[in-house]
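Order of writing sets the labels: A, B and C. Residues in every chain begin at 1.
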Amino acid sequence: MSAVDTTERRQHPAFYALIVMLIVMSVGPILLMLSVSFKLNVDVISGTSGLLFMPTIQNYETALCDVLPYELDHLDFCGLKFGGAFVNSLIIALVSTVLTLIIGCMAAYALVRFRFMGRDTVSGTTLMVRMVPPAVLLVPVFGLWNNEFCISKADWLGGLIRDTFGGRGDVCLAGTHSGIIIIYIAMNLPFVIWILQSFIVQVPRQLEEAARMDGAGPFQIFFKVVLPLIKPGLAAAAIFTFRIAWNEYLLASALSDRDTKTVPILIVNNMSEFNVEWGVIMATGMLLAIPPIIFTLFASRQIITGMTAGAVKG
Amino acid sequence: MFDISKRLVKTAVATAVVAAAVVSTPALANPYEDYAGTTLVVNFPAHPHYDAVRKILPAFTKETGIKVEVDQLPYLKMRERQTLELAQDEGDYDLIAYVVFSKADYVYADQLENLARYFMNPKLANPAYDADDLIDGYVYNIGFAGGNKGYLQGKTGSLYGIPYGSETSVLGYRKDIFKKHGLKVPENYEELLDVACKIPKLEPGMGGLSSRAASGHHAAHAFLLHLAPLGGRIFDAEWNPVVNNKAGVQAANALKTIVDCGPEGAASFGFGEALGSFLAGDTAMFLDTTVVAGQIDDPAKSKVVGKVGWAMHPQGVRRGSQTGGFGIGIPKNAEHKEAAFLLMQWLTSKEGDKLVALAGGNPSRFSTHDDKEVNAKFPHMAVFGEALQYADPDWRPIIPAWGKINADLGTTLSKVLTEDLDVQQALDGVAKRAKAIMEAEGYYSWR
Amino acid sequence: MNVATYNKTTPYLFLVPALIIMVLGLLYPLGYMVYGSFRDWSPSQSLGESEFIGLGNYITLWNDPSFRESVGVTLKFAVSVVSVEMLMGVGLALLLDRNLRGMSLLRTLFILPMMIAPVVVGLIWRYMYHPTLGVFNKTLTGIGLDSVDWLGQHALLSVIIADIWQWTPFIFILSLAALQSLPRSALEAARIDGATGWQQIIHIKLPLMMPVLIVTGLLRLIDAFKVLEVILVMTEGGPGLSTEILALRISRTATEFRELGVAAAMSNYLLLMLLTLTVFMLVYNRWLEYLAQRAMTVAKEED
C-alpha cells in the first residue's frame, strides 16, 4: 500500500508541468488574439513584442462603429456593420436553438416512450445525418432556397410579405432569417434527439404512470413531469445547438444577403486582399468568440456531459 | 371689422406677391429634384478606391438629396453575389461595380443597361460631362462591348459601363535603397530582373520585387503583367492559344526569377501580402497596380512613407501596362435606373473624379491626373498620367471563357513556382486545355 | 373514446414537426442533389430547366486531375489528423488519469479550442503562421534559425497542426471519461497480480476502452472530412491545390465556377467515401465485439 502512495507522490511534479503546458497551449492562441485586438495596426506590422505596447480600444470602436453613440475620428466612414451582424447572429442562433430543443424534445420523447424505433436505429440515423458535410448540403440548398422554395410575388401571401417587409422580386427562403434557421434546425435535430433520448430513457416510468392516473394528458405529462427531469440534457443540447448556429459560416454565407449577414461572414469578408488590418480582425474574432468562451467557463460540465452522452454508455 | 378685413387684404396681397415671385422665378435647374428622397442600393468591392468613394458619397447626398446605401464585399464574393442578383427578375442593386472581366459575362447575358438612351435623355445627361476626357484605354477595356474581337473598341461597339476604380501597372521603388547602393531605376526587363536579384544580396533579409504569386487568379495576374511588354499574348488573331510561345516562356521565367528573389513566403503571396511586404519595408520594389499609391503614403499603414519613387512599367519589346480594375454599370433589373445614372454621372464627372482622387481613389480622367491640387497632394499622379498612355486594353482577353482559362493558368503557374514544374511543359499544358475550352465554346466555328 | 384516440395520435403529433423539418431541410435537398448530379445545372436555373447529361459529371470528375488531387489531399488530411489526435488524446488521458489538482481547471480550459468558431481558429493560426508577424517565425529568428514558410511550403502540415490543436481535447475528454468509467475491480485485480503500468494499459485498459475509442475515432474521422472554414481562412485551398480538401472544392465549384451539377456529383463521391468508411468501421467494431464476447464466454467456461 505505502509503495503505491510514494510512487504517486513522486510523479506529481512532472504531471503538474504537463497540465500547465497543456493549459498554455490551449489558451495561449486565444490570449494572443486578445492582445492583438488591443494593438494598433502600426504596432502589429512593426512587430513590437507582445507585452510592451500601448493598448487601445480603437479596434473595437472600428468594429462596433454602427452601434456606438459617438463619432469616431480615425474612421472616415463606418464600413463594418458589426452591430447589425451581431443582432442577426443572435436572432438566428437563439431562435434555432429554442426551436430545435422544442421539436427535438418532443420527437425524442415520442421515440422513447412510444417505442417506434429502437435506440440503434436512431443512433444509426444520427450517424448517417452527421456524416453529411455542410458543403454537400450547400449545393442543393443554394438551388432550392433561391429558386424553388419561393412564394411568387403575385400570390396574396407573397404580396403581403412584400408589402410589409419590402424587398424586391419573389419571396424566396434565401436571404431571410427563417431560411437559415430552418437549415440549422435540420442539421442539429438528429444530434439533439440522440442526446435527449439518453436522458429521457432515465426518467422512471412510474412517475409518468402516476401522473396519468391522476388524469394528466400526454402533453401535460411531457411538460410537467418529463421536461424538468432532463434539464441537464436540455442544457447540454442547448449549448451545442447554439454553438453550431453561432459559429457556422458556409451555409450562412450562401443563404444570406446584405441584411441577414452573420458575424462569421463579416469576419471572412474582412480578410480582404488589400488591407489586412489584424487589429480590427482580431477584435471581431474576439467578439464572436465571447459567447462560446462564456459557455465554456460556466457550463463546462454540461458540455462534457453532452459530449460523452451516448459515446460512453452509463 | 374694417381693420380685420384690411389685414386680411394685406395678407392676401402679400401671399399673392410671394406666389407670383415663386412662380415667375426661372426654375433653378435641378435635375435631381424628381429623384430626391430615393435611396439607391449599390454594390461595391472592398478596394481602396471604393473606400475613397464612400468618403465622398455624403457630398453627393447633400447636393442631390438622393441617399446611397452601400453593400461592400470582397471582390470575389461581390462577383458571386452579383451573378445571383442579376439573374433575378427584380434585383436588389441599382448600381453595381463590376470587375473588368465580368463585362463579358454580364453583357453577353444581357444583364446590364446599354447607356446610350441615358446619354440621349436631355433631362439626365449633363452637357458639361466631357466624355472625351475619360481615359481611352480604360473606357474601351472596361466599359465598351461588342467592338473588335468582341471586347475592344470598334465601330460595332457601344457603352455599357463607365470605368471607375481602374488601374494600370507601375513600378514603385525604394528611393533610399537605390540611392544607398547606387542602383539605376530599371527601364527594361533585363535591368529589372538584374536588380531584383541583386538586392537580396546587397540588403540581407530584403526581397527584390514583391509580386503576387498565390495560386489561381494572383499568379495568373502576375504572369500577364510581364507577358504583354515581352511581346506575348494569350491567343493569336484566330483564337489559337499561343501562351506557350517564346514570349510566354520568357514571361513565366521572369515571374519565377522575381518570386525566387523575392521576400520570405513570396510564393504564397496574394495581393494583400505582396503589398504588405512592401509597406513594411521588406521589399525594395513593387510592380503592380497604381491603386496602392494612396496607402503607401498613409503613415497609419505604411512604414515607407516618403521613401517611394515611381517609374513606368519596364519595357520589354514594347511598353504595355495593364488595364484593369472596375467599372460601374446599371443592372437591367434595377429599380431606380435614372437615379442610378445620375449617381454614375456625378461620380465620373470632372468634379466627382477630382473629389475621389483627393480622397485617395483612382481617377478616370486625364484632366484629374494633370490637376494641380491633385498633384500637390499626390505627386505620383503625373507619372501615372504618363503611364496611362501605354495602358494596353488588350493585355488580357475579356471573353466569357476566360474565367476557366485564368484559373487553370494560375494554378499551373503556382505549381511552377512552388513545385518546380518545368515552364515549357506547364505552359504547353495550359495551351492544350485552353484550346479544348475554346473549342467547346465555339471559337473555332468559323474555320 | 376521445381520450383513446388522443393518446393514439399523440406520438404522431410529437413527431410531426421533426419529420417536416428533416424532410424539408435534409431529405429533399439530398434527393435534389442526387437528381441534380445527373444534369448540367447552373445557379440561376431551377432544376427543371437544366439539361440531362446522365453520368457526364461523374466521368468528367473521374478524369479530372484536380479532383483526384483533392481526394488525395482529403484522405491524407483525415488520416493524419485522426491518427495523431487519437494517439495524443488517448495518451494524455492515460497519463493524466489520476487525482491531480488542477484537473478540473484543465478540463474546463482544454475544451476552449473546440468551442471557438472554426473561422476564428483559422484566423488565429493564420496570424501565428505569418512569415514575419507570426509567433513561430519570430521565435525561430529570435533563436537564430531560419524562418519557415509555413503557409507556403508546408501548407498541409500547418493546417493539420491547427486541426490537432482544435480537436485533440475532444478525444482527450472522451477517453478520460471512458477510463474513469472502467470497472475498478479489474484494475485492482491486475495490480495485485503484479502487472506493470504498461501491461495494465495494453491488456486491460485499452481493450475495455475500445468500443468508445472506435466510436470516437469514427466521429472524428467523419468530422475531419467536413473541415472547411479553418482551411478556407488559412490558405483558401492553396498553394496550388495542396490544401484543397474535397468539401472546399465542392464549395468552390458551386460558388466560384458555378457548376452545380459537377459540385453535386462531387458531393455524391464524398458521401460514398464516407459511407464506405462508416460501414467498414461499424463492421470492424461488430467483429471486435464478437471476438470479445467469445473470449469472455471462453473465460467463463474455464472458470
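Here is the rule we use: a contact is a pair of C-beta atoms (placed from the backbone, for glycine too) under 8 Å apart; a residue touches a chain by one contact, two chains touch by 3 or more.
From a predicted model like this one, the values you see are computed outputs, not experimental measurements.
Participant: Please identify which chain has its centre, taken as the mean of its CA atoms, farthest from the centre of chain A.
Facilitator: Relative to chain A, the chain whose C-alpha centre sits farthest away is B.
Participant: Which chain's mean C-alpha position is nearest the mean C-alpha position of the whole protein set?
Facilitator: A
Participant: Once every inter-chain C-beta contact is counted, which two chains account for the most?
Facilitator: A-C
Participant: What is the distance in Å between the mean C-alpha positions of chain A and chain C?
Facilitator: Taking the mean C-alpha position of each chain, the two centres sit 18 Å apart.
Participant: In angstrom, rounded to a whole number, how far apart do the mean CA points of chain B and chain C lie?
Facilitator: 42
Participant: With chain centres taken as the means of their Cα atoms, state the distance from chain A to chain B in Å.
Facilitator: Centre-to-centre distance between chain A and chain B: 39 Å.
Participant: Send over the residues of chain C in touch with two or more other chains.
Facilitator: 43, 132, 255
Participant: Could you say which residues in chain B touch two or more other chains, in rising order?
Facilitator: Each of 84, 280 in chain B touches at least two other chains.
Participant: For chain A, what residues touch not just one other chain but two or more?
Facilitator: 45, 146, 271, in rising order.
Participant: Write out the stretch or stretches of chain B touching chain C in their complex.
Facilitator: Contacts found on chain B: 76, 80, 83-84, 87, 214-216, 263-268, 277, 280, 282, 403-404, 407, 411, 414-415, 417-419.
Participant: How about chain B: which of its residues touch chain A in the complex?
Facilitator: Per the stated touch rule, the residues are 46-48, 51, 54-55, 57, 71-75, 77, 81, 84, 88-92, 270-273, 275-276, 279-280, 291, 295, 299-301, 303, 335.
Participant: Show me the residue ranges of chain C that touch chain A in the complex, using the header's touch definition.
Facilitator: Against chain A, chain C makes touches at 3, 6-7, 10-12, 14-15, 17-19, 21-22, 24-26, 28-30, 32-33, 36, 41, 43, 45-47, 92, 95-96, 98, 100-103, 105-113, 115-120, 123-125, 127-128, 132-133, 135, 138, 165, 169-170, 173-174, 177-178, 181, 191, 212, 215-216, 219, 222, 225-226, 228-229, 232-233, 246-248, 250-251, 254-255, 260, 263-264, 267, 270-271, 274-275, 278.
Participant: What does chain C use to touch chain B in their complex?
Facilitator: By the definition above, chain C touches chain B via 43-44, 66, 131-132, 147, 149, 151-153, 155, 235-241, 255-258.
Participant: Per the contact definition, I'd like the list of chain A residues that touch chain C in the complex.
Facilitator: 4, 8, 12, 15-16, 18-20, 22-23, 25-27, 29-30, 32-33, 36, 44-45, 47, 102-104, 106-107, 109-111, 113-114, 116, 127-144, 146-148, 182-183, 185-187, 189-190, 193, 217-219, 222, 243, 246-247, 249-250, 254, 264, 267-268, 271, 278, 281-282, 285, 288-289, 292-293, 295-297, 300, 303-304, 307-308, 311-312, 314
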